[in-house]
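Got some structures for you, see below.
Presented sequentially are two complexes of chain A, the first with chain B as partner and the second with chain C.
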Partner chain A sequence: MNRLLLTAFALALGALSLAASDPFSKTADDVNTRTVKLFGSGGFRGVANYGTGVIVSPDGHILTLASQMLDTSELIVHLYDGRRLKATVVATEPELDVALLKVKIEGKKPDEPTGLDLPFFDVPAAAKRPLSTPGDWVLAHANEFEIAMRDEPVSVQRGVIASYSKLSGRKGIFDFGFTGNVYVVDAITNNPGAGGGALTDRQGRLLGLVGRELRNSLTETWINYAVPIGASVEFRDGDKVTAVSIPEFVASAMAGKYKTRPRTVATAGPGGYHGIVFVPNVLERTPPYVEECEPNSPAAKAGLRPNDLVSFVDGEPVVSIKAFTDVLRKARPGATVRLEVRRGDVLQAVEIKLEDAPKPAVAPKK
Partner chain B sequence: MPLRYLTPCLLALGALAVVGLGAEVEKSVTVAEAQRIAVIDRVRPAVVAVCFYGGEACGSGVLIDAEGYALTNFHVVQPTGSVLQCGLPDGLLYDAVVVGIDKVGDVALVKLLPRVPGKPFAFVPLADSDLVRSGDWSLAMGNPFGLSLDFTPTVTFGLVSGVNRYQPPEGKGTLEYTDCIQVDTSINPGNSGGPLFNLKGELIGINGRGSFEKRGRVNSGVGYAISINQIKNFLGHLYAGLDTDHATLGASVATETEDGDLSVMVVKQILDESDAARRGVKSGDQLVNFAGRALTSTNQYKNILGVFPKEWRLPLSYRRGNDTKEVLVRLMGNIDAQVEKPTADKPVPGRPAPKGDGGPKRPGLDKSPAKKFFVEKKGFANYYFNKLRQDKLKTAVAKTGDFTPLAGPWAIDGTIELSDRRGDFKLTLVDGADGLTEAKIVRNGIEDLVKPLKSNAPLGELQLPQGSGGLLSALYLYRKLLTQWDGGFEIGFDHGGHEPLYPPQLAAKPDGKPAERLKDSRVDCEVIRGKHGPFEAKFYYALSDQTLLGCEVTVSKDEEPCELYFGDYKPVDGRSLPHRIEVRSGDKRYAVLTVKTYTLGKKAS
Partner chain C sequence: MNIARTLFALVAAVALVSPSRAQEDVNDASEKAMKAAMARVAPFVAKIETSGGQEVVGAAPGAGGPQAGVRKGVGPTTGLVVAPDGYVISSSFNFANKPTDIFVSVPGKPRLVAKVVATDQTRMLTLLKVDVKGLAVPVAVPKSEIRVGQWSLALGRALDTDLKDVPALSVSVGIVSATGRIYGKAIQSDAKVSPVNYGGPLAAIDGRVYGVLVPASPRGETETAGVEWYDSGIGFAIPLEDVYAVLPKLLAGQNLKRGLMGITAKVQEDPYNAPALIGAVSRASAAEKAGIFAGDTVVAIDGKPVANFSQVQHALGPKYSGDVLAVKVLRDGKEVEFKGVTLTEAVTSFAAPFLGILPLRDDPDPGVEVRYVYPKGPADAAGIKPGDRLMKLAPEGTPAAQAAPIAGRESLTAMVNSLAAGTEVKFTVKRKEGGKTETLSVKLGTPSDDIATALPLPSSAGRALEAPRAEKPKGKVPVAAKPADDEKPAAKDDKKKDEPETGLLQRSNPTLGREYWVYVPDNYTKDVAHGVIVWLHRARPVAKEGDDLARIFGRFCADHHFILVGPKSRNAEGWVPSETEEVVGDLRAVIAEYTVDKRRVVAHGMGVGGQMAFYLGFNARDLIRGVAVTGSVLGTQPKEPVPGQPLTFFIVGGEQDPLVKEIAEAKPRLTEKKYPVVYRQLKEFGKEYLLDTTLEELKAWLDSLDKI
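Right, the complex of A and B next:
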């Protein structure tokens, strides 16, 4: 009797367990048909010349990261079924860190239909779905380490959303241009070539694009993140502040209307003007002591004084003049940064509204 | 036994109770967890911590039979040397010895010695890894970072990220991972050689490698396991103590055009001496299918080729114009004659750098009881196990009758069916007064006579009758094998592991051509290799019942061998003998001999 009962239980359990222990092979196969392997420029100094993209129209539009890999006239796409095609960059939006490509068919003009009928991700629909929350299971599908060629499927990895937050203030070994919220993932998804791959939920619905290889400059640990498919950023376009989201970018670029701007100085340039003059930067880690403030500069207006020690910028500790400069480089004119400075024995909060650099330009103090 | 089955159920019940209280976790989740735990409990006793002699951790492994044979990586036993020790989750160290190695495939078979003689080991079943799909769950077990001092394995759990992956060689042509399984399951140094399981607890692969770059040589979310189906192809070789080699087709193959559509694999160059060339493959031919798998990319080509040992014969389909042809191709060896000497100090992926130089100088090593299970011989990982397999086969074959007294004159009568005519034949094998054996066949009034060991015998004579590839020489060797076993092959005699044989009569069409789909006639066999005089012979015994199904005799490496296929076994004076012998050479059938009588004489004393 006892044994019978146990058997019955075991049977019932067997049936139940199917859902939780189901493999993701179907999801992996399905997402793979909507994913492409990209081959472009690079291949030196740890910069991959390969990457991943997701197909966003049956006609062969591909969404991927705005990486250096695209800087080539010979961009090659391998489809899931092994077809090898050429592609061109339609538009790039560095603020979103994305680019839209289109497959090029020999003998057809760029704006002509390609005649392809590819499986694709519906970006507007994906962007309308609610955001994933920390704790959700996700799958990353990407051609990391250039493992796959031709009809070989991209790699699939499983992880959990660790947080949904901004990564600003952290510096990778490559430029990190995206300042919006990202999905931080607990799995090691951001390997070479994985950028532009699909982050999906368990059903294979698109959540975002796998991001770049990124290292935390404080802990020297690598961080894995994805740009959400509905991501939206604000940026200054001339005098006005414009907002653009990935779905808007994709729709506009597909219609041939998106104007690719040259990449702004935002990530690599001097950043917004603050007017702080630090003590001479003679050490590897010279502490950011204020020597003086330029007259009428944002720093002067905010009341910063000589001998103030800048300790935090937007909540992030800055231990050196170099660290301060690195952080400020990403803040644009018009933005407000919150500093915490040590004056005597107390920490003081000071808000500085950055401005355009006065002309003639004042070189940022090193 | 009942306990074993009850445990998972009890665990599951426990999980249910938890659900009842918490009522927050979905039932299916806790059930899946309980099942996972049950599987881990079941396979854990078979997980091996591979150690240097003395117990210093070196890598991982897994037991695959009750006698104590365990799989690991070649790069794990490379630094330990042939005599080592292995820890099991019972907390004890076992003496162990390397049995067989596959340097290219990075696989080694070791044998653990039971601490109580005859006591069976726990082991795990082998899965069919062709059924593994990307997105499947997997469990890796082993001893990463040498963490476990009591040999309790670490378990990691994750997804299969890809299958049929190709990872190029790391050494000079060695440690090439073909057709392997990629996982996001954590694989770290020390996991090397350990098992990768599916959720049924079946072995799907042996973990051994990862993709590393900027993040250092620790798990970066991309680990690789050698598929168990590849290892199965080599397992017969490994059990036979061989130092095995992988294969090449003897042709360079590339995608036809870089641009455009689906890739077409085309032969760019082909070696004249390759078997593929002899089978009619030419440069420019499109390769369609190899060993039952479609060829779609260079990686795929390397994948398919990489899972087979050298000298295996496998079906290859190629297209020229509108014609597609299937041929049986013998694979060539992969490693050049001079392979790099294994070095202990070379950094290899997935294992902690060995302290010291491993094996020989470890204190107490000379006293290891495993030492008597190691016999060094060139071309073998451990000749002790080759002899063991020879002896096992010899014992099994002895059931078909004792031929040793029948070393006198042999006469075989029957009918012969040639391509254009049929008639009676009479075959004799007689030891002459000069000490040389004389083999003679008479059919349709034509006589051919060979003295296989006659000095300066021209090649053409050894290959008589013309077109047979050397029927008389082959039968001469057949008689030597039956009557003398290893004593008849003074240059070399060993167990050659496992190879497939394709007896044409099993699926032959009426016109005598081989089966249309060669795989349908495939029989896996144990192989005995013998060298005698100018001849090299291979004898094929069915794995299932040790029946001698065929032999292949090479008179000269530049010529097609003579193949004999034995069938229709009937008892003759209490001994089992074949009454149908098909003779083939190259792509052609030379003849079928139907035997009426055997007259096997005793050796005159």
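Right, the complex of A and C next:
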């Protein structure tokens, strides 16, 4: 009887300790060795002069956000073990909102090996792993609020991936440049100085870089997001479209080949001609009700009618005439846009093939 | 073999929590469980898109202060399927910006045009309908099974992915933090609840649904109340079980409103330790129709004992108009039960009855001496004159012998307030002229918004006013019946020792972090009850503001016995609703230190400060009797009048002020609720403080707050 009791307890205890084993602390220690604290310019008007970065090569390459903190000749890096080093910016890619830095060793030229052998994240490998999906436990590692200095570990926060969706960020009144997919986290991670920190899974594998403090214009809330390590953006150069991803940027910049391009100004052309005349735009968000279609215009040919409410353009909701105009401005003559219009109580799909704007005499009304 | 069985159970239980494979730890297990729960709930979570509407919701024009408003995002929001035939419930917040069109996409179905079927205004839920059939509906977790600490997942569709292989849902993970919140209406969770998931489900780890996520606050009942707590770890959901219970009514297109009983608590020192004593019963209310009286003590509602008024509020909080209760009260030491108390939607507003006099204050003798008679008012028509003393009162038809003696000002006020306007009453009056006692008939009327300027002084009985004043008061000859010489106070020096400080005083309460100033006139004496003017500064505290106000009101404060209090907002942007309690705390500290006339406590401010004054007036009903504002917009819906807690308004707008139209709207909105309102619109006047004429009127208004 006694033996039975003991065995049972041993069984129970063994199982319990197994169940309670918690890999977070090991992960946190491991990621901390691959994370750096950055100190640069700023420190006034609410702009933090500190941030976080992740080491992406044993030689001391650091990936971080393309923030104004880097606009200094005196960029300082604190490694996990307390070493304090200088660093320079190798390249930045504002469209991806990332920058690559390299540690600078006194007496050595920038392209010479530093002789360091640092623990690092393998960016190409990280980018190849499958996406994390909503409900995955994640950890954010960053020097938020400048709590950590020298050999103090960065702060670790736990949360889950809330969603993987397009970023619709706003900084003050300005729309944020990066509009690709991001990881949204359900922990309050995007604090001052956290930008450039590591978002990892429970095993410490790099998922992305903690982003900035932005408001989400879809919900008008502060958004806690990370730029996925595999993120890429497209550039339009005339009629040619090229793309660059974070791994490509890192590889090219490490090879000294990446040309930091000037921020492309959104091509706000007149857009293709549709020929819809909306009701007068007098409200904060005037719903895009069709008042009339200009004769022989693409809208008239597609059968759009007065009182139709244009509700979606290529699947995206347009809450107002302004939103419609903003979307259409990016479309070119010859392109086909798919509208969903509310006619009575049903949604009707209408395809419009945009044309060149007619002669000024019959220019579309604004 | 009990032990063996226990052991077996123990081992089995442990085996359940710890999977057999060594590498699967508790986090893997929880991750799997979360994703399984999400997958089970996902088919019920609808995406809502809108067109048109406002940018900012819940704002008063001239933003700032307690009603600055909330920006409404342009993105999609969330709903939860609750009935198979295309019925989707959502948070009313998602439609607070009054969009012109609503579209709903239920998983697996095309996007459809939606119609609003009904709203639940107590829980801020909106029921939508789209033309689709055969939908699956979620299973509600019964409230009896919901425990603090249980896993909870907040799901939303605002941040949907456009990838096929990623679930089209956002999730935030937490636990149930509390049940029975917001007067018993909501479950609380520490999952991140925000416009990202308002309207979506708070799901249990087993795939059932606890409730519908909403912004909520115990301090407000609007669609936007509680949004300021988004993502804070304090989130709310309306139990799905409760939603299902009222769903038949909502499906029938019935808008649900709060059920009111029409009782008001008797103001007591420590309301949490005092039984639920009824101070007043509203006319034509559920309580009056049931036969419940002021003076009854509520001891149980629907068989559940209630120990104080707070518990009464919690018992009534979840109730709807039309709900029927059983209310047990203690009357004259006996328990009486009233069954079938049917709650009503609104307590009908009645104008306060008006006798048309100002009473003399601080008079310990029986009866009430008339300080002033309003020209053409009911008392004037009946021939009552200043200096007369009202001794007894009897409603028409009551024998003179049964006339009730009038103890003093408070007792007369309560007696008159218990009657309806238009009632005939008989007063036993001791005439000043001739000293004879007569009986006069008065037909009670309603107060006019005429302000009697140049009210006679003194306002208090002579015996309370000790030392002769430095200056003779202006205005008419004093009407004090008794010469002040009769009862000269003892040595002035003795008095000084136990009198509180006077002048402009800076006060602070380090424990509460409060700072405020108080101005007490130099002729203050504790034998005279003083009115209190709470000055609410504009967006930011102004240095030396106390000096300015003391200069404007100093003489008035001395003549008419008022104290000024200037609380400071702790918010850099100006007043926020949550500061109400702190301001009330400052006010209570002053009331505790000085002798205060509770009928003359006023919230006063201009611009944003005036908005706070409105807010304070409606939310500190047991203290505030008047609200005086200049250049301020009434941002919130006025609350119902409460018997025994009168509230009157003095509003000034300048014609040069771009907000003058919005300011002027306050008058009809308040008058509709039967509040007495004085509105003055000044030409050539923008956002400055008051002009002299209006200031004189304001002073007269302040001095007549205790009119009967």
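What we mean here is this: the second predicted complex is superposed on the first by the 232 of 366 C-alpha atoms of A that agree within 3 Å, B and C clash if a C-alpha of one lies under 4 Å from a C-alpha of the other, contacts with A are read in each partner's own complex, and residues count from 1 in each chain.
By our rule, a contact is a pair of C-beta atoms (placed from the backbone, for glycine too) under 8 Å apart; a residue touches a chain by one contact, two chains touch by 3 or more.
Predicted model, so just to flag it, every value in this text is computed and none were measured.
Asks: In the overlaid three-chain picture, which partner chain does A:Ala255 touch, first (chain B) or second (chain C), both, or neither?
Replies: Touch status of A:Ala255: no partner.
Asks: According to the stated criteria, A:Leu347 is in contact with first (chain B), second (chain C), both, or neither; which is it?
Replies: So A:Leu347 only meets chain C here.
Asks: Which partner chains sit in contact with A:Pro134 here, chain B, chain C, both or neither? Use first/second/both/neither.
Replies: So A:Pro134 only meets chain C here.
Asks: Identify the partner contact of A:Val319: answer first if only chain B is touched, second if only chain C is, both if each is, neither if none is.
Replies: Second partner only, chain C.
Asks: In the superposed arrangement, does A:Thr189 touch chain B (first), chain C (second), both or neither?
Replies: Only chain B; A:Thr189 stays clear of chain C.
Asks: May I ask you to decide whether A:Pro287 touches chain B, chain C, both, or neither, giving the answer as first, second, both or neither?
Replies: Second partner only.
Asks: Scan A:Glu213 for contacts with chain B and chain C and give back first, second, both or neither.
Replies: first
Asks: Using the touch criterion from the header, give the chain among chain B and chain C with more contacted residues in chain A.
Replies: It is C that touches the greater number of chain A residues.
Asks: Residues of chain A that sit at the chain B interface in one complex and at the chain C interface in the other, please.
Replies: Shared contact residues on chain A: 16, 18-21, 23-24, 188, 222.
Asks: Sort out for me which residues of chain A touch chain B in the complex.
Replies: Residues 6, 9-10, 13, 16-21, 23-29, 46, 81-84, 86, 139, 144-145, 147-158, 173, 187-189, 191-192, 213, 222 of chain A touch chain B in their complex.
Asks: Inside the complex, what are the residues of chain A that reach chain C?
Replies: Per the touch definition, chain A meets chain C at residues 1, 4-5, 8, 11-12, 15-16, 18-24, 131, 133-137, 159-166, 168, 181, 184, 186, 188, 202, 216-222, 283-288, 309, 311-312, 317-320, 323, 340, 342, 345-347.
Asks: Applying the document's contact rule, which stretches of chain B touch chain A when the two form their complex?
Replies: Residues of chain B touching chain A: 6, 8-9, 12-13, 26-29, 31-36, 133-137, 158-162, 164-165, 167, 182, 184, 199, 211, 213-215, 219-222, 258-263, 296-300.
Asks: Please give the residue numbers of chain C that touch chain A in the complex, ascending.
Replies: 3-4, 7, 10-11, 14-15, 17-18, 22, 25-27, 30-31, 34-35, 38, 49-56, 70-76, 97, 99-101, 103, 110-113, 115, 131, 158-163, 166-167, 169-173, 191-192, 194-196, 230-231
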